[in-house]
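Here the structure comes first, spelled out in structure tokens, and everything after it is commentary.
Letters A, B, C and D name the chains as they come in the text, with residue numbers starting at 1 for each one.
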Amino acid sequence: MAFRANLKVCFGDIDNAGIVYYPRFLHYFHVALEEFFNTELRIDYAEIIHKHRLGFPTVHLESDFLSPLCFGDRIEVEIKVLEIGQTSIKWGYMVYKTGEDNKLVVKGHNVTVCLKMDTFTKTDIPDWLRHSFETYQLKCEKDLKVTP
Amino acid sequence: MAFRANLKVCFGDIDNAGIVYYPRFLHYFHVALEEFFNTELRIDYAEIIHKHRLGFPTVHLESDFLSPLCFGDRIEVEIKVLEIGQTSIKWGYMVYKTGEDNKLVVKGHNVTVCLKMDTFTKTDIPDWLRHSFETYQLKCEKDLKVTP
Amino acid sequence: MAFRANLKVCFGDIDNAGIVYYPRFLHYFHVALEEFFNTELRIDYAEIIHKHRLGFPTVHLESDFLSPLCFGDRIEVEIKVLEIGQTSIKWGYMVYKTGEDNKLVVKGHNVTVCLKMDTFTKTDIPDWLRHSFETYQLKCEKDLKVTP
Amino acid sequence: MAFRANLKVCFGDIDNAGIVYYPRFLHYFHVALEEFFNTELRIDYAEIIHKHRLGFPTVHLESDFLSPLCFGDRIEVEIKVLEIGQTSIKWGYMVYKTGEDNKLVVKGHNVTVCLKMDTFTKTDIPDWLRHSFETYQLKCEKDLKVTP
């Protein structure tokens, strides 16, 4: 199954309209991605930056906000690896509101590029990382085929 | 000329990669929009919510991040009204780094819908607001024609 | 035992000095408090606001930051009820870095007042809430006495 | 006169109680301090970190929140240099709500220590910086004496 991070809408995530301030959703995407690296891939995201000196800035983002969220709502952010390029990754995000019907509330994707932190220049995704992404991608595809 | 909000990258906008945390760009979009209402349209954004009981949640967002920003960078966020629908507005954002070459660093657009705050249901954009948006749109178009 | 919320330092919590941006610690305090209400007291913090129309703004805050935190650090935020007044509560926070020595990294306290959300005027802490706070306070004190 | 930074309460600064989320006030303190360095002292705060490799983490903080703020409120954050130590500075913050009576809404102070960014060890405040702080302190004191 695809990885899902369990998050909760905090008091401070709310804006003056009483719903989640929409930039916070992108923060949710990122927090879920950090957890995905640590829990699913068993790769310490902090180590990639500090030890391997690689970063993954977002260069493109698209998102649909289908339903507003309120303080106290619990959500699950599903992460998919949509495409693996030479230097870039396309990530998919589906945010479900935890509860009776697990309604899809936000969906989106972004493209991140692999950057050498010391020079801020693009670089190929290292093989050990590419392998991890591919393994996860295969795992998700297999699930899809099994589902009748 | 199109409205531009002058902002500055704060110490706390920076992430662990030493550049602006990308959700903060969407915050910049919003802050610029708030200023656009107050300064360009002379409409108090807070009053729209509290007095007129209308909100403008984002339902769709697309953005390209062309160049990273660092602490202390000054930026100008240009606001355009791209499309005016029955209940929705499509806004355009261009972020330029203030300086010698005023490089475009981020571009994006989002769609906001007009919502009754008390019921969270879609409603037609009121005429006085529509008129303001159209006037601004015309002003920007006229500039375009004048530019040789 | 006193309640502890388990949190993790996010990528976006870091500032330009490479450590947790200090206002984020106050956010950690608040997130821990929200969890304390839900998990320890079994009271839905969102319901207090939306159903009972009560809020708890902070009127005083003191904090010592003993040691910086970095991206990926795991922390435990311990919550204590230090004093229960007619209309106010004094809360204690101890932040420990999860790991070998569970070092105390931040300690602080704040005073919140009980406010009617509709009029923004002070009001007595309702008995059902006061009872919950007192029960928790007693539980923590009993632990203290047991510890040799 | 003491330096004052003009800020505005953003849509996203508001919490679920409809007032400024209190950790945001500490963010206001910091933003005002950044502006103080740039505008009043004519020292680029970013350069202190990146060129001089010095940081100023907060080790102690106290604050009183006298009155809540809402979206759209304009504030002035006054900065004072309260004490200059060997390695530490005590800063004073007074937040006034811009308007008819310029009411004091928040007051606080924090202590920051001068740190070598490369080793995260305390170091003496360099003379050129100390001189700047002292000059500003004298300027504020002189104002006080002049005021009848």
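The rule is short, and it goes like this: a contact is a pair of C-beta atoms (placed from the backbone, for glycine too) under 8 Å apart; a residue touches a chain by one contact, two chains touch by 3 or more.
Please read all numbers here as calculations on a predicted model, not as lab measurements.
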Going by the average position of its CA atoms, which chain sits the greatest distance from chain C?
B
Per the definition at the top, count C-beta pairs in contact and tell me whether A-C or B-C has more.
A-C
What whole-Å value do you get for the distance between chain C and chain D if each is reduced to the mean of its CA atoms?
25
Distance between chain centroids, defined by C-alpha means - chain B, chain C (Å):
36
Taking each chain's centre as its mean C-alpha position, how far apart are chain A and chain C in Å?
29
List, in ascending order, every residue of chain C touching at least 2 other chains.
11-12, 16-18, 21, 23, 27, 30, 46, 49, 71
Touching residues of chain D toward chain B in the complex: what are they?
10-12, 27, 30-31, 34, 44-47, 49, 70-72
Interface residues, chain C side, partner chain B - complex:
11-12, 14-18, 21, 23, 71
How about chain A: which of its residues touch chain B in the complex?
16-19, 21-24, 26-27, 30, 46, 49, 55, 57-66, 68, 108, 117, 120
